Every structure is written in structure tokens, then in C-alpha cells.
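There are two complexes below, and they share chain A, which is joined by chain B in the first and by chain C in the second.
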Partner chain A sequence: MPPATAPIAPRRPPAAPAPPPRRAKLLSGLGSWSDRRAELTLGALACAVLVLIGLMVVFVFSKAWPSFWHNGFAWFGGGGDVDRQLDNIYNGPSRPSEYVYKLHAWPLLYGTALTTIAGVVIGLVTALLAAVFIVEFAPSPIRRLLEPVVRLLAAVPSVVYGLIGLLVIIPFVNNHLIGEGRKESVAYVVQLNGSGLIVAIVILSIMITPIMISIIVDALRSVPQGWTEGAAALGVNRWRAMWTISVRSVRPAIVAAAVLATARALGEAIMLSMVSGSRGFAPNPLDGLTFLFEPVRPLAATIVDHSEGLSVTPFAQTLYAFAAVLLVSSILLSLGGWAAKRPLARWSAR
Partner chain B sequence: MSAVAPRRKGAKESAATWSVLDRVGLAACWVAGIGLCVVCLAIIGFMFVKGIQYVRPDLLFSRTIASSNEAGSGGYFDPLVGTLLLIVIGIAIALPLGIGIAVWLTEYGRPSGLARLVESGVEVVAGTPSIVLAIFGLAVFQGKLFAFLSFTQQGGGVWGRSFFTAGIMMSLIALPLIVASTREALRSIPNHVREASYALGKTRAATIRRVLLPGARPGIATGATLAMGRIAGDTAIVILLLGGSALTTQGNVPVLNILKGGGSTLTTFVYANSPAGEGNKPDKAYAAAFVLLVIVVALNFGLDLIGGRRGRTAWTK
Partner chain C sequence: MDEVTSTAHRAAAVPPPVRRIVLDDQPTVVTPGANGNGNGNGTRTPAVRFAASDTAARERMRVEELTIAYAGRVAVRDVTLPVRQGEVLSLIGPSGCGKTTLLRSLNRLTELTPTATRGGRIALDGQDVDELDVTLLRRRVAMVFQQPNPFPMSIFDNVAYGLREQGTKRPGKRDLAPRVEEALRRAGLWDEVADDLGRPALRLSGGQQQRLCIARALAVEPEVLLLDEPCSALDPRSTQTIEDLIVRLRAEVAVVIVTHNLQQAFRVADHVAFMYLGELVEYGPAADVFGNPRARRTREYVSGSFG
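Here is the complex of A and B:
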């Protein structure tokens, strides 16, 4: 079945039908199968994906249930210091009847929402502008530079982004952007050391922008040229034609790009655990600009930070609860994207 | 990004006649485009300088030793082997699965409701964060049923962390990419090719095997290389399912003992040696990140260089 070793049968008609070598006969399983058998086998393979998703939901939720059960809806609420609550769970008694589960995960949920939404909004605006630039306005030398640039930025592993953030950007922010006065103004609640919301959002948006650009560029290029030419014939300038005709007709692709990018942002663990300050703290918008420098810790980063605690049963169950929240939100995200694309697709270019 | 963008010949209208808002928008486009170039060149330049500064050939081939002392902690031979092993395992599992699913979706796809369900299922897998996949893998592979994939601890608990388990979860990251690119490639083969094959008396299965899969091969290769890049760059699964240590062996069977043992990859090596991890040796982290970046970039651009014939299925056009 692996096609890399498959014989290239139909490319040219064989001059004399020589008996096939033994190896080819071994590999040609699918070729001699009956249609029915092939269809059923491949169909079963495809259904395995659905089984896998079902298993994923069942396993994660069955492991996570005690944490939700013991806290009720307060699990999603605020109150107390999350980090201390996690410590209590980790250090709690080891007898199953005395397990500690008390957790109010609001700061983590809030941190996840904050970084994801801000990152995706910034990324989406940048990606849309850059895609329009690449397709319509860039002079060809710059366009030829931009295409590998986008592919390269999309390919850089997140840990490399995290490393650069940790060793370059955070010291810069700490030394030059946060003044002593600002540090003292919040010193009684939280310590500012450079890592925090703004660094996380900036690096996150750099990470997810290229993914969106490549999807939007592909879509913009498939818009029939006649549509924009028609607009131009009516006296509309290139910019307006681009935004009112092309960008409008690729809205389904924009939704798809945003969904994919949101999924990446939601699940980004390593980079965020490196640069977000790794403290279960809910940044307070009332602090003014200081808000941007306050540390956060999203759910995914929390799981990575505490991965060594997986051997302690109640703590592992708490981590599974975090994973369950992430899983549900990513499934809802896919469904939401699908629902948002359907009404838009009627006017799409594809 | 394959097609060439439409370019108008002749007189280009000057932006000077546009309204202010339109000109601001155009300027924003320029800023976004140039900004991306600058960010990318800064990252590449920075990593290149640091890499040249700190990469030493002897580190590439010396084993990793756990030590708090920078000079004594060895190189990154183990993580390098770990990365390659995971790529091989992940792709070996994901390739047949992904091609099978894609073929079923494009060539059979009956009943159509089920096909749509599978399609969105693949999308859901693509959208699932890798950290969730990792923790799900841990839940599954710590079951008694899968004890043969890792090893059983003293107390009877299954460890659940090995190259096998990490590779299986890595294949789930690779799967959606391979499915998507294979579907794209199969769809781009025109229908008359299929009809010609049926007219020669071939069955559907034989057509797929003999005609469609060879035609889709460049697309499949592209998907597989992208997937390799993703596997090489993933950290969360490795941290949870591989342990992030030096290569350890379990049992006595020559190859199986490595596959059943734990290890690390370049990504976890970078993570562990950054100030966020235990080791805080930025020099080594930079060097390993450079090697990782070279691997990923080679996987992404190598295909263009050696092949240069992506999408060229001459006999279908």
C-alpha cells in the first residue's frame, strides 16, 4: 500500500507484458481486491476516526469527572489563588477518601481566552492585510520574497519561538518597557518580570498569522478574475475592488483560517508556558497599561508545567479536567466554524 | 500558493487619486507585508548567528549526559535520534491510514452522510490541541491492555511512555495533513482518467491502486513532508509521552528495547535547556534549536529543491 515503492504501471503501455516480479505481486494487494472488499476496508478505516474521537471524549471525561463532580459549577468560577489550590491538590492526603479537589479555575480560563482572542484578532487583521498585499499590491520581487517567508514562519517550531521570547524579548521588556514605578504599583499582588500577557500575545500572533495567510492567499487567487475586472470596469479602484469583491467572496476561507488559527492558539502549550509568566493570575484591565505586563497562564501551559504531577491521582484528574475543557472547546470551535461557513458559502468563489 | 497572481498589463492607476481611507488601507497592507519579512529575517538571522556561534560538530554525535555542569552534560545525539525515530514511527502509521481515509472519502464516500461525518471528524482531529492528544494517549496507554508498548513498573502500574506510544500519538498530528493533501491530489486528477481505466475493464480498486495513487504521489509526498515537519516541531506530546530523558532501553530484544524505552527529542532538549526547564544552558538550547530549525526548513523546502515537479502528473493533463 505505501505508494513510494509502488510500480508505475500505467504511465507507459508495456511493450511486452512480462510476468510481474514477485515483489510487485506482494505489494499489489489492493489491485487484486474485489471492489466490495476494498470499499468496506477503507470505509472501516475512515470510521476509525470517528471511533477515535469518541474514545478521546470518553477517556478524557471519565478521568476528569471527579474534579468536576467535587467542585460543581464553582470549578469555572473565581476565588482564591489557583496556584495554591493546585499545590494543595498535589500535596493532599493519599487516601482516596480524603483526596482534595477544591479548585476555582477562572484565572486559567480567563488567561486562555485572553491570549487566544487577542492573538487571533491581531493575527487575523495582519493576515488579511498581508494576504491582500501578496495577491494584489506587492511588487513582484517582494512577493517572491514573501512566499517563502510565510512558509518558513509557519514551519518554525513553537519551542523556537518560545526560546527567542524567553531569551530576547522578555529581558528587553523587563529592562526597557516596565519601569520601576510600574513594578512597585502592583508589587503587593504580583511580581512583574517581563514575561506576561503582551509578550505571549505578540509571539502567539506571529505564530498563527502565517497559517491564516496561506489559506487566505489560496482562496483570493481562486476568485475569478472577471469579477474584479467587472468592478474595475465600473470605475472602482483596485483597493475597493479587492475589499468589496474578492475579500467578500472568500469569507468562508477566512472563517476556516480563523478556526484553524484559534485551534492552534488554544492548544499552544510550550511557547506559552515559556513566555506567559507561568503564574495562575488573572490580569486586571483596571490596572491600565500595567495590565499588559501582568503574568497569565493558559490551560494548555498549565498541563505542561505540571506534567510531573500526573502520578498523583487527584492532581492528574484535575489536569484531565483542563484537557477536557480544551477538547470540548476545540470540538465546539470546529462545529462553530462549520456552522458559520455554511451561510457564507453560497456567495463564495469556490 | 501555486498559481501566479493576476497582473494587469499597461497603465496602473496611481494610488494618489484614491480617497484617504483607501490610501490608509494600502499603507497598512504594505506595513503588514514588510513587517512579516522583517520579523522572519530577524528570526532567521538571529537563529543563524547563534547557531553558527554555538553548534559544534562533536556535540552532534556525543551522547547526552544528565549533569548540571555545562561542559559535562554532553551533546544532543540522543535527542537527534529521538526526533528521527518519532518521525519514522509517526509517518509509518499515519501514511497508510491517511491515504486510506482520503481514498475512501474521494472515491467511495457512500453513504454520503457518513462521509461528511468522517470529513468533519478529520477536521476535529486537526483542531485538537496536541497537549490534549498527549494526555489522552497517556490515559489510553497506561491501561493494562497496552502494557506491551511500554513497560510495567514495580507496583504493577503501566508506565505508558515510550517511543511507540509517542509515535502513535504523533501519527494523529500527521493524519489530517496527509488526508488533506491526498484528497487534494486525488481531486485534481480529472474524471476521464478514471473513466478510461474503467473502460479497460479495471475494477474500482484496481483503478485506485494502479492509476490514481501513482498519479497522486507528488501530492502525498508533499503532505508527508509537511507532516514530518510538524512531528519534528511538536513538544507537548514528547514531554508527556516520552519522558524527555536520554535514550533508555527496556528489555533485551535489540530494536524493540529502544522503541519501548523513553528518550527525548530536539524540541524537549531545547525546552529543558532553556531558562524555563531544569538545565538553563542557553548556549546548548540555541545550538539545538538551530539544528531543529535546519531540519524543519529542509523538510519544508527540500521537496521543492530535489523534485521541482510538484503537481506535475503529465499524463493526466
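Here is the complex of A and C:
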């Protein structure tokens, strides 16, 4: 059977090339940009992002200023019941000269720091061990199962975690972990109902661990085989080689993972407002184990919980102050991450 | 000018020898006598015993009837070889002939490849390496790789790495410093790095990195040093330095070097083993293998008609 041959199209006269369709022209136009044009356009876009961030900081701070101005450094301090102070701001007189701003936000700041730091520390340790297991020790069927599951977990919306916490973990904690005696021991200060610090920390760390595992696994994978082989050839077992060579060389990635996870933990609002007890209370470590069951409410959760009050000017300004603190924290976090990574870069290849 | 054209004419008239690799050709194998009775393979030429003068050097390792396969594909077949202290053994052969696999099996690095299987015996000082703890074996049989692989730390920490990891108690910097210096001196790197041992090792040049890797291997005072094409990524000057080093080292450690650079094997080796398609074709003193090869394949390889 002879091969099917397409008829050869007669050569078109060069005089009248058909105009290409509009869409094709647009795309081909983009593809044929000069470097100069691409550079300028992308540069402008990047600058626009910078300007946007700058405007956002200025806007948030200008809105938040009255709250800071009226309280001074006491804003960051403790004293009184922060929930009652928020109520007073909300219910205060509506004439601008009589606005109430009095706020001692310490319990909220303390709650934010507690949940974030504890969640990130627990999550980071777990993530590091899990990543080492996945990369170096897991048999390949387990590895093939674990990796997609981890990536899936990283994508679960936080409200789902919050719901599970609310419906499963909080009742469990309330019924089985907090005895009546413990509830009575602090009944005159705060009511324990299952939601609180420990549930918030546990769910937060579960929420931020998968993304850290993913980042660290990818970094450990990219450790040159020559390094681990070289360590093995010196009579070092896999476990020691993992810690002394691989984990050591991916420290920048570990810092990056921790920064990303901390940012997520700082900004987490919905889930924490669902499971943290949502009460402006500063858990007291002196209470022993009860400390873990006492309610907290981080800044982001506070903003979410009170967003219905934004129509009241001083209240809105107070919420902006919370936002400003979060914004500064994340800026400091980025700077901290950068500072932590900088000395580590010295050891890497050029 | 005239001569050049005439040579070109002659070259055009007589075609160069065809580079032909006959895969199913029965190889003519010349192996060292494996305890007298050879491999029991009737098709092979009789094993040649070595003269007493050859065995003056002390035998440290012995490979017997070693066969290594990756996922069933045989990479090294039935190899028997001695490794002696006081001389350099060079494994030569074309790419993919199993010389690196053979080298890596000497300190059981092939076990890092999950699909690798091994038959036959490897002995270190008469003791089967499978009976030794693998970490202890690798401390006695050190290895330098084809690509320089210094760790991402300072020069000092690189050399001290093995010392720190191998001690039961981590030695302090003061105890380590003289041993690090000695290792760097033996590797011929001391003069170049002595002024700043805190420098990151990855900022050194390729030749310096490879010498650092040699220093790292020497720091733990191994008994056998395995070198896997240590100069293939290096410039001629670094190569020269490392070859001088290899020749100097052979009195203290048994050196095995894999190379497919024949000139290098000729320069450094005392004994040469020629491998082809996983089999050991010829083993003998370097002068004999290069000057008067007994097997046809060796002759063809060292004369450059394939490889």
C-alpha cells in the first residue's frame, strides 16, 4: 500500500499575505517583545507591588494611630479584662471628642506569641523528622503514599481544621482531659470548656506541618548525592550522615520553611477563633497543667471575631492597630529569616 | 608541507583500522592464579602464577570470584584480584566495564544501590568484609570519588569530619588541629590553605577540592585508599599534583585507582588490571600489561584500537 501523500499546496503569490487573526497577533506580539520592553514592563509591575505594600503599611498605620496615641506604651501592656475594654470601645459615646480608646492588649499579644511559637516549634520538629524519614528511611511504597498525602494536607483549608477541632477535639478534651476538679479550681477566673491553648496549638501545628515537610523534603532531595556518599565512605551511618551533612546543608530551607509556617500561624484567624476559646485571657503557666486548657485569643482571631463592629470608628481603629501589629510582626519575621539565612549562605557553593 | 600532503594521501588510501567490538567473542582471559585452581572454567587460558618478586608487597585485600549485578544485569563477573600495600593497583578499561563497580564493592559502597547484588568473597587482611561492621570497614578502606565532593563546611571541618564522626568521644579542636594539618600536608594542600582553614571548602578550585577530599580520606588513616577516576574533572597541573601524591602514598597505604586514562595508569601504577565488559581480562605488572600484553583484547585496548 503506497503511503498517503498530502497534495502539495500551490505556492501562494507573495503579494497578498492574509492578515493573521487578531488573537494570534496579540500572542505573537507578546512573544516577540524586545528584552528592553520586557525589562521595563516587568520592572514596572515589580515596582507597583512595592508601592502597593508601602501604601498598605501607611494606610493601616494612619488608621491605627489614634489607638496607639491614646494608650501610649500601655497599649502593649496588661491590665484589666481586654474583652471588657473592647466592649467599652464599641459601646462608647459616638461624639469624636468623647471616643473611648483605653486598651491593654497584652493578653492578645501573649496569646498570639504562645500559639505561634509553640505551634511552629512543635511543627518544625515534627516536619524535620518526617522529612528525614521520607527522604532517607521510608520504604518506597510508604514514601509514594506519604508524599501526595502530605501535599494534600498542605492544601486543606484552615476552616476544615477548625471544624474538626470544634466538633471532635474540643468535646474530647472537655469530656476526657479536663476533670471537674480542674474546672472548679479556676472557675472564679475563667471557664474551661475544652477549647483553649492546647487545642489551638495542636491544630495549628498540624495545619502548618505539611507545608514545612514539603519544603524540607524538596531541599533534602536536592542535597548532592556525592555528599551523602562521601560521608558513607568515611564510615558514617545514614542517620549520622543525615544530620551532619544533609540537614546541615539544608538549614536555609529549614529557615525558609519556618518563616513561611510562622507567617501562616501568625495570620491564622478563622481556625483559631473557632478552637482557641476566643476569650481575651492570658493563660498563666503557674496554673500547671491547667495552663494548657485555658482559653486564649490571638490578634488575627480577634479581628475576625469583632469584624461586625467596624462601623464604630474607634473600634475600627483599634482593629487596625491589631492589623498593624501583625503587619510589623510579619515584616520582622521576614527580616529575621533573612538574617538567619545570611551566615549560612557562606558555606554553600558560589 | 609535502610530507603532510603525502601522509594525508596515504591515510586516505589506506583506511584506518575499523573500530570493532565483537561482543560474543570468547575473551582470552589472563587472570592471576586464584589459589592454584583458577575458576574451574575450561575455556579460559591457564592462570598465570606470579613470580615471587611480585608478591613482595604485603597483600591487604583479596577479591575472589566477585560477581556484582544491578537488578540482574551483571556488571562485574567472576573477578579475582589481590590488592597489595606498597604498590598502586590501577583498574583500566573502557567505560561501563565494571571497574568503578568493582572499586565501590571493596568498601561495600555498592550496598547503597538497592538493586545491587553481590557474589563471591572480598577479604581485608584475610577477614571477609561481610563479617566486618560496615562502618568499621569503610574507616579502614577509604574512598575518593570522581567528582570532588567536599562537604559544605570549612576546610578544617571537612578534614576533621571523619575524625569527629569516628571517635566515640568528639575530640576537641586542639586535638584535631595537628591531625588535620598532617592530613593536609600528606595531600599536598597545606601550603595553599594554611593561612585560612576556616574558608568554605566549596570555594576552593576543583583540584584543591579533590586534594581536600584525599586529605579527608587520609585523615582517618585508612589502610586501603580507593580512588575512582580522581583526576577526570581536573586540569593537568592538579592531575600532576595528585599523581605525585598517589605515588608517594603507596608506601603507607594500598592504593587502588580506577582510570580510563591509560597514560595516567602508566604513570602511577605498579600493577594494572584490565577489565572489559565486566570481566577481568588481564592482570599483571604495569610494564607487562602495557609493554607486552598477553591477551588480545588488552593489546587492542592499550594500542588504542578500541575504548
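The working rule: the second predicted complex is superposed on the first by the 314 of 350 C-alpha atoms of A that agree within 3 Å, B and C clash if a C-alpha of one lies under 4 Å from a C-alpha of the other, contacts with A are read in each partner's own complex, and residues count from 1 in each chain.
FYI, a residue touches a chain if its C-beta (ideal position, glycine included) is under 8 Å from a C-beta of that chain, and two chains touch if they have at least 3 such contacts.
What you see is a predicted model; the values in this text were computed from it and never measured.
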Handout entry: First, second, both or neither for A:Gly226, with chain B first and chain C second
Key = second
Exercise for the section: In the three-chain superposition, say which chain, chain B or chain C, touches more residues of chain A. Expected result: B
Exercise for the section: Mind working out whether A:Arg248 is in touch with chain B, chain C, both or neither, as first, second, both or neither? Expected result: second
Problem - Touching partner for A:Leu167 - first (chain B), second (chain C), both, neither - result: first
Exercise for the section: Could you say whether A:Arg240 touches chain B, chain C, both of them, or neither, answering first, second, both or neither? Expected result: both
Exercise for the section: Look at A:Ala300 in the shared chain and tell me whether it touches chain B only, chain C only, both, or neither; answer first, second, both or neither. Expected result: first
Exercise for the section: Tell me which partner A:Pro139 touches in the superposition: chain B (first), chain C (second), both or neither. Expected result: neither
Handout entry: chain B versus chain C as contact partner of A:Met56, first or second or both or neither
Key = first
Exercise for the section: Could you say whether A:Gly72 touches chain B, chain C, both of them, or neither, answering first, second, both or neither? Expected result: neither
Handout entry: Which of chain B and chain C A:Gly181 touches, first, second, both or neither
Key = neither
Completion exercise
Dual-contact residues of chain A (chain B, chain C) 237, 240
Problem - Residue ranges of chain A in contact with chain B within the complex - result: 1-4, 6, 8-11, 28, 30-35, 37-39, 41-43, 45-50, 52-53, 55-56, 59-60, 63, 126, 129-130, 132-138, 140, 142-143, 145-153, 155-160, 162-164, 166-168, 206, 209-210, 213-214, 217-218, 221-222, 225, 228, 237-240, 243, 259-260, 263, 266-270, 273-274, 278, 300, 303-304, 307, 310, 319-320, 323, 326-327, 330-331, 333-335, 338
Practice task
Show which residues of chain B lie in contact with chain A when the two form their complex.
Solution key: 1, 3, 5-7, 13, 15, 17-18, 22, 25-26, 28-37, 39-41, 43-44, 46-47, 95-97, 99-101, 103-105, 108, 110, 114-115, 117-118, 120-133, 135-136, 138-140, 172, 175, 197, 203-206, 208-211, 213-214, 216-217, 220-221, 229, 232-236, 239-240, 267, 270-271, 274-276, 282, 285-286, 289, 292-293, 296-297, 299-301, 315
Practice task
In the complex, go through chain A and note every residue touching chain C.
Solution key: 224, 226-227, 229-237, 240, 244-245, 248-249, 346-350
Handout entry: Of chain C, residues touching chain A in the complex
Key = 107, 109, 112, 134-139, 142-143, 145, 147, 149, 151-154, 161-162, 165-166, 200, 202-203, 213, 216-217, 220
